[in-house]
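A short worksheet on the structure shown next.
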Amino acid sequence: MATFGFVQYDAATPEVRAIYDDIMATRKVDWVGNFWKALAHDPATLKRTWDDTKQVMASGALDPLVKEMLYLAVSASNQCGYCIASHTAAARKKGMTEAMFHEVMAVVGMANETNRLASGYQVEIDERFKTP
Amino acid sequence: MATFGFVQYDAATPEVRAIYDDIMATRKVDWVGNFWKALAHDPATLKRTWDDTKQVMASGALDPLVKEMLYLAVSASNQCGYCIASHTAAARKKGMTEAMFHEVMAVVGMANETNRLASGYQVEIDERFKTP
Amino acid sequence: MATFGFVQYDAATPEVRAIYDDIMATRKVDWVGNFWKALAHDPATLKRTWDDTKQVMASGALDPLVKEMLYLAVSASNQCGYCIASHTAAARKKGMTEAMFHEVMAVVGMANETNRLASGYQVEIDERFKTP
Amino acid sequence: MATFGFVQYDAATPEVRAIYDDIMATRKVDWVGNFWKALAHDPATLKRTWDDTKQVMASGALDPLVKEMLYLAVSASNQCGYCIASHTAAARKKGMTEAMFHEVMAVVGMANETNRLASGYQVEIDERFKTP
Amino acid sequence: MATFGFVQYDAATPEVRAIYDDIMATRKVDWVGNFWKALAHDPATLKRTWDDTKQVMASGALDPLVKEMLYLAVSASNQCGYCIASHTAAARKKGMTEAMFHEVMAVVGMANETNRLASGYQVEIDERFKTP
Amino acid sequence: MATFGFVQYDAATPEVRAIYDDIMATRKVDWVGNFWKALAHDPATLKRTWDDTKQVMASGALDPLVKEMLYLAVSASNQCGYCIASHTAAARKKGMTEAMFHEVMAVVGMANETNRLASGYQVEIDERFKTP
């Protein structure tokens, strides 16, 4: 179980409940994931993390699906079990097809391989890559 | 300098030169990056890595720019200096604007933060995320 | 189950038993954690790891609680499930309150985020940080 | 050089300048580190990251020096060159002695070693560590 | 369960079945591991990954057992649960004794410790190590 | 420069000098690497780290060259610049040929790729891998 268990909606303070409400409204769902319910023992971190997530994942120069796949790619690279499961679900809800998932994973695998080859062979950065 | 230095085009075997030619033709450039020139001391790994990269990064369910940004996101998350420099350049060449770069980095930062919060709080995966 | 299972006290050699005894005496408990019982199949590594841990975690310029929270922070950052669970317990036993735990995690999350932003933006080290 | 170079104070927008001013006032210094000047090309991320840092690193259940050492420990564990340099400097300014630095590093090294031993030996979490 | 479940032999396309057959023939076993059955939803990645693995892990300048232990060492260092379990089994089948396993883990632990000490103390590379 | 600079032989205490002497005698060289000279500001960590390294890297069930390549593999996987440089040199001195180096790197790359595929696809451990 999560270190301090979960703060369920009914047991939450008005402050936490307002964040839960905003999560559900923003995502158009009627539930809140375990991640948020575990963080809710620390309302300051819950609020900061949710506000940041909402800002960062909103539509901008990149659309929300691309952002969600970037999130998934980093989570798979970091091998965070919870995050892989939740962001796979989130990305699929936003339109990631099975074929897209496979391609995300293929890139993640490839990047992890070549990152180590570049470091292992001690490759210097090409001058042309240094110019902004 | 890279562990065994670089294999320059003029000094390359026909086998390696053919791969360099394919890299340049595929990318429509007249140069080959240091990464490939460092790997060329091992033609089998050079060939395998290039063939894989060409296959994985080609247009498919995801377009090449999205793939390049996923590659960059993983490289930034892994903190591989060479890969960040080269894939930032590659993504910009494929159309990544400065605004898009900022959003890629914002997601990378956010994902790295929340990956640790999820693990640190020992959050169990929600049942709803377990169904394929 | 652990790769070679656990070496229980009753089945342990005198050499291993002496280390178990020292672990229990040092920590003032009557049990030994699974980590040590899994390592005990290799008495040399068991002894080296315990001796090092005992030395490193002892009171010094930093008090044991701060050290335990540093250990927890690294374990959460590395996403080691076993280590997060065991060092959360150890830190709480040494006086880490729930509020302190939350702050440890907030710093871990923040550091993981900014580590990637610093690398992703290829930020050079300020001259002023280079002077010892 | 950082991917987009640095935004110097004189060239900054009022929005960015206000953040620089707050960084300097909070830290009681007359300069801003390269990290912030590289982020300033994206004022939203600059603001969010600074606001979060200010909140997370403020005195609370843990004092600022302990927080700074936790930050340094994570940065050393992640091997982020910029972050190690800047947070070593920051921690020393807040009172970290050389002896304290050595102990932070000893714990970081030890935790990284045992994290892998715990994972490599596939050690199950002790039942006693599962109770909140 | 794996994200898309497993592709069992009887339900596989001829293309996937041919790869399964090659895996079993190469390894002289009559079963295929879950890893391959999860990847099989993406036949291109299944084929590329298997072909690469077969090439990389074949006898060469290093014998297959040493390669398998290198694979295990990296997997333990990355804390990939599936990979630790499968490559421990694979290495034992190829002749890794219990004593050899312990020594692999001892090196993995030690390297993870000293990697962070080298980074944390910001140690410059010795000139003598820079000459190829 | 390393955080506290280097402790040169002539300026070292007898305690540190004895460790330097043992490093040189064990390795049959007349110099000490920067890593040790940076650690020497903390004689306790210098001694512990050297004693552990000497024990772990000594000939046992695995020969020293295999151990050195395992160390290199982990260091490349962790992307520790100093460690890659120093352990490439150390392994070559112990007999690693260029062909062997290439194969070490190929395995490191491959393992890093498949580690993420296994995690990204959320593959469960096969029952057959769970039996010790």
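Each chain carries a letter (A, B, C, D, E and F) given by its place in the written order, and its residues are counted from 1.
Simple rule for what comes next: a residue touches a chain if its C-beta (ideal position, glycine included) is under 8 Å from a C-beta of that chain, and two chains touch if they have at least 3 such contacts.
All values reported here derive from a predicted model rather than from experimental measurement.
Steps from chain C to chain F, minimised over paths through touching chains, total 1. The chain pair from C-F, B-E or A-F that repeats the D-E interface, sharing more than half of its contact pairs by residue number, is A-F. Using CA-based centroids throughout, the chain positioned farthest away from chain F is A. With each centre defined as the average position of its C-alpha atoms, the distance from chain B to chain C rounds to 34 Å. We define each chain's centre as the mean of its Cα atoms; on that basis chain A and chain E are separated by 27 Å.
With centres set at the average Cα position, the gap from chain C to chain D is 20 Å. Among all residues of chain A, those that touch two or more other chains are 1-4, 44-45, 49, 52, 56, 77-81, 85, 88, 102, 104-106, 108-110, 112-115, 117, 119-122, 130. Viewed as a contact network, the protein chains are fully connected, with every chain touching every other. By the touch rule above, chain E contacts chain B in their complex via residues 1-5, 44, 48, 52, 55-56, 130, 132.
Here chain F touches chain A in the complex through residues 76-77, 79, 81, 84-85, 88, 104-105, 108-110, 112-117, 119-122, going by the rule given at the top.
By the touch criterion stated above, chain E contacts chain C in their complex at residues 79, 88, 98, 101-102, 105-106, 109.
Across the complex, chain F is touched by residues 3-4, 41-42, 44-45, 49, 78-80 of chain B.
Residues of chain E touching chain F in their complex: 1-4, 31, 33-35, 38-39, 45, 49, 52-53, 56-57, 60-62, 66-67, 69-71, 73-75, 77-78, 80-83, 85-86, 88-89, 97, 99-100, 102-104, 106-108, 110-115, 117-126, 128-130.
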